[in-house]
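The data blocks that follow each hold one structure.
Look at the two complexes coming up: subunit A is in both, with subunit B in one and subunit C in the other.
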Partner chain A sequence: MNARMSIVQLSGLKKYFDSVRAVDGVDLAIDQGEFLVILGPSGCGKTTLMRMIAGLEKPTAGHIEIGGEDVTDLPPRKRGVSMVFQSYALYPHMNVFNNIAFPLRAQRRELKFDKRAIRERVESTARVLEIDMLLDRRPRQLSGGQRQRVAIARAMVTQPAVLLLDEPLSNLDAKLRANARDELKDFQRSSNITAIFVTHDQIEAMGLGDRIVVMSEGKIQQIGSPQSIYDDPANEFVATFLGSPSMNILSADRFRFGFRPEHFLPKTLHDNPENSRIFHYFVKRVEYLGSDRLVYGYVHGHDNDLTLAKVPSNVRVSLDIESDYEFAVHNRDIKFFDNVSGQRIEQQSLAQAK
Partner chain B sequence: MARLSYPLDNRRFVGMMFLTPALLYILLLVGFPFLLAIAFGFSDVTVGNTDLNFVGFQNYLAVWENDIFRQVFETTIRFTLISQVFILIFANILAVIFTQNFTGKWFARFIFILPWATPVSLAMIGWLWMLDTKYSPIDYLLLQTGFLGPNGILSNNRNLFWLATPDLSQISVIFVQVWRMTPLATVILMAGLSSIPTDILDQAEVDGSRFMRTLLQIKLPLILPIMVIALLFSMITMFGDMTVVYVLTRGGPVDYTRVLGLYSFQVGIEGGNLAQGAAISLFAFPLLLAMAIFMLRTASRAEVQ
Partner chain C sequence: MGLLSWVLHNFWALLVLLFLALVALRIAWRIHKYGATRAEFAYVLRRSPFYLVVLTFCFFAAAPFLIMFMHSFKTDGDLYRRPQPFVFRQDPTLEHLDALFNNTAYLEFIRNSVVVGIAVVIITLVLSLPAAYALARLTGRWGERAGMLMFLVYLVPPTLLFIPMFRIVVLLGLKDDPMSLIVVYPSFTVPFSMWLLSGFFKAVPPELEEAALVDGYNRVEAFLRVVLPLSLPGIISTIVFTFTLTLHEFIYGLVFIADTSQRTLSVGVPTELILGDVYFWQPLLAAALIIAIPVGLAYNLFLDSLVQGFTMGAVKG
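Let's turn to the complex of A and B:
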């Protein structure tokens, strides 16, 4: 049993829209104070999963527990969750103060807040998010970053057990986004709130998540720390979804195997080539990307699988196009996958079968 | 870049092409009659003598000093204002109902839009029968349930005379107007309600807001500009309408349901005094213009995004 208490527990959760299986049997335990990222391509069911936790969508089957209580049939206001939408969904006709105060007023009966307590709570929450000088403004008078803070303040003002975030950074421009990511993580750490963050952006997921849940076609593909998911993918989907450029996948007789472009380097750069597998590599094209050179080519015997190599610019090897080279991958960096199911196969079991 | 010689690449030409039908419509069917009415209003033209002799404000002064006109003007404003209150209330309630999910919504919407889709005169003939002095089905039902007839709760009479007593005739006309105009206002409000982003409504739900709070603090404020437009539409339509009273009461009993549109028609066309008929109808113009400007300003000021 985990030393930390799990605050959200999903079991056998399903949501079908007619014939579409948006979420197809999800079991997941989320720890108190954890920053959990749900990562997946669009249409993988991640947003539907979050909406079910929020109570906006009724599950077709399965159970949701929050704080040890079964909330599957409870409306959102009785779940102790709050949510930040991708669009921020600020109430455009209310100023910032009234936006942040709205959940307190709506839940006045449950929270037992009088007028003065509401004012104090709104002001203190606004101070934490450094928007206390904007309380009289309307949403349309705010910048993207300010809107995002207002949305987070409104979500935090009731001090919920769980904060749900649906791609809240995707409306910010690239420069602001890195900054906002940093602040969001700091804020979550210091407030020790449990955050569930949905995104399709793997950099965001890797940077923010204590754990990442990779989803595809309504199912959880893998749960783990950013590093374990990247280094030790459970199946071919996870292996190719994470990483840019994505993992090279080559077909063999009874299985497929893959390696990441940054592990695929000229043989001379490997310390002990006896631990590595050597490939004859035909270089077709080289892109110079500043810190790296991205090499496009084909491995001998795999003429249909375009294979990429990412060679750091600071290693002085010359790579000419339309030429053959010997490249190598360290054995530990080669992952094997089942031909049919795409699941990871251990190298030993593969050797035994041979 | 070289100037292109194809006429469809010429923005001015294409612009004119798109504008022309609307311009023609406005000039021929709105602008011309309007200018003609102004010309008539300042002349002594009649059906018998179509020469336009300028007589200044004589017609307007005569109309203004006419007691019947003043009563008609007052009745028109009263009818319009009272019915708008009910139209707004009903349209809001119905728009909220019709934007919920329930089985048979499509059919309910279809039935409900019918009053507006039916030609006015045809619908009024239906109401003429419903409100008939002798054969009204409403009276019949009231009679059967003991509200009418000997020892009846409402009256000892067998009929209520919907269109023949001063109070009931006015109530009947206002009721029929509300019946006729509510669908349009509802449709406009429904469009407004369904244009509210679902994120906002989902957010309100997660924030813990219940039905009434979401309605009063989120939905209604957000559709306020659209509500003003709906109100403006139905006010202007109703202020100038003559068909309803023309078919139902001809302005009677006495002058109790005589409205501006009908009075202008009766004086100008039926009475043959085109000049005075035009002057009567033009009295509505400055009032409606001021109202339209005020309401459109309010709407654009309330515009939130």
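Let's turn to the complex of A and C:
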């Protein structure tokens, strides 16, 4: 058990839709005050997982505990969670004030909110999210960014134990998104709320998450900090899913190995080539992307696997197309994967096997 | 009477004048807004043919009602001597309207129809709102089929059902009582309203309800506070439609109720004002027109959402 108390505990959680295994046995503990990101390609079960935590989907098997209480069979309203939907799901027939007050009014009896208490609570929440001047507007009169804030305000106003966010940034345009990401993180820090954030956008995941859960085909592939997931992927799926462009994977006889394009550099740029592995690299094409050059080519002996290299623009190495070069990767940057299962293999165990 | 007589004598001229006045007002308003420029003048000219066409169609649509209106005031002599719908050759008269209201049970027909209509609308909504919601949201594999089955009921014509229904009505002791219609009419209004409403409910995004569920409401509350307000246009057009369904229903009304004062409009008016092959045209037309006006207005007000309701479920599947 961790030193910090885990607020959400999922054990053996499964959800089958007829024969489709949307979520296939998930065990996960989420700590109090943590920003947890669930990352995966579309259809990997991440949204289903979140909907089960919210209570909108009934698990086929397994248990959900929130705050130490088994909530598996409880309806959403008794779970103490709030949710921000991808479409925001603001009530179009209510103004912003009533949208934010809506959850408070549901709990009026239990929390003993009178009209004034509701007004104060809504206004203070709106002030935190800087939407206090919009309280009289209808949702359709708001911009995308404003709608998103209203949705977050509505989710936060009851001060829930857990905040669930289902790709809330995906409807914003690219410029707003970076800004919203920053604000969301600040907001979560300062309010010390536990946030579970579902996304398919790895940049969002890396930027926001204290921990990232990578999911694929209904299963958790890896859990860890953004850095550990990127630098130390548990299997080939995680390795190739993260990173843009993704990791180069080459086949050897009994295993596969991979390295990231940014680690695949001309030999002359490596300080001590003894610790590196040298590849003969045929450059097919070079894309100049401003800060980097993206090189497309083939490693000698792997003529079917397109291999990419990302060479910083500020290093003065000339790369001509249709030419051979010597490229190298530092040994620690090469990852080995099992041929069949795709699981990571440690280099030592590989050496022993030989 | 003097004013009415003058208006009716000059009815068509007044209609044209009214139209011209409206056109002049519209043009004046545009000039006030955009100034009397050449461009403005050209715009009016360019749009004129379009409005001319629209006007022609309007006239075709309105002509029956206008003719009904005029005929209500004609004397027998004027009406039957070589029918001439557009002019009065004898002075208009109010005697037929007087007869309609004072010598027939017209007001009672209206009262009965309104009572039956309102009661049926309420029963229909109470039954079909939850059914439509279930059909839109909570259908399992059998839900959709059950819905189809219910719609089949609507397809069985009253001409087949009125005899068994009559026996039931007698059994319930409701013969000659408008109550019998209140009991029987939902058999065709409920399936229809259910399908109409489920189209509107399907158009409400499910996330809105889910948001309400997470925000602390149960399903019934989520339905009442989120789905219902958002489908209000649909509910209103369902009310209008259900009401008119009861208003023009004939065969049950004819069979179940023999007592004149208990009859509804759709049965009472033709049975009272057509005796054998004698048609009392003027009161007949007046009776039809008076009830057609509010219904026509209601239809026009909610036409858009009504059409939406018919097509929505179809597109979304």
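The rule is short, and it goes like this: the second predicted complex is superposed on the first by the 354 of 354 C-alpha atoms of A that agree within 3 Å, B and C clash if a C-alpha of one lies under 4 Å from a C-alpha of the other, contacts with A are read in each partner's own complex, and residues count from 1 in each chain.
Methods note: a residue touches a chain if its C-beta (ideal position, glycine included) is under 8 Å from a C-beta of that chain, and two chains touch if they have at least 3 such contacts.
Quick caveat, the model's predicted, so the values are computed rather than measured.
Visitor: Mind checking the superposed model to see whether subunit B and subunit C fit together on subunit A or clash?
Guide: Here the two partners, once superposed via subunit A, clash with each other.
Visitor: In the overlaid three-chain picture, which partner chain does A:56 touch, first (subunit B) or second (subunit C), both, or neither?
Guide: After superposition on chain A, A:56 lies in contact with both partners, subunit B and subunit C.
Visitor: Just checking: does A:154 make contact with subunit B only, subunit C only, both, or neither of them? Give me first, second, both or neither.
Guide: The answer is both, since A:154 touches subunit B and subunit C.
Visitor: In the superposed arrangement, does A:316 touch subunit B (first), subunit C (second), both or neither?
Guide: neither
Visitor: Per the contact definition in the header, classify A:140: touching subunit B only (first), subunit C only (second), both, or neither.
Guide: In the superposition, A:140 touches subunit B alone.
Visitor: With both complexes superposed on chain A, which partner does A:83 reach: first (subunit B), second (subunit C), both or neither?
Guide: Both partners.
Visitor: According to the stated criteria, A:175 is in contact with first (subunit B), second (subunit C), both, or neither; which is it?
Guide: neither
Visitor: Residues of subunit A that sit at the subunit B interface in one complex and at the subunit C interface in the other, please.
Guide: Subunit A residues touching both partners: 54-56, 75-77, 81-83, 85-87, 89, 91-93, 102-103, 106-107, 154, 158.
Visitor: Residues of subunit A touching subunit B in their complex?
Guide: 51, 54-56, 75-77, 81-83, 85-87, 89, 91-93, 102-103, 105-107, 110, 138, 140, 154, 158
Visitor: For the complex, give me every residue of subunit B touching subunit A.
Guide: Listed in rising order, the residues are 197, 199-200, 202-210, 213, 217-218, 221-222, 304-305.
Visitor: Going by the contact rule at the top, pick out the subunit A residues touching subunit C in the complex.
Guide: The contact residues of subunit A facing subunit C are 54-56, 75-77, 81-83, 85-87, 89, 91-93, 102-103, 106-107, 154, 158.
Visitor: Over in the complex, which subunit C residues touch subunit A? Could you list them?
Guide: It comes out as residues 205, 207-208, 210-218, 221, 225-226, 229-230.
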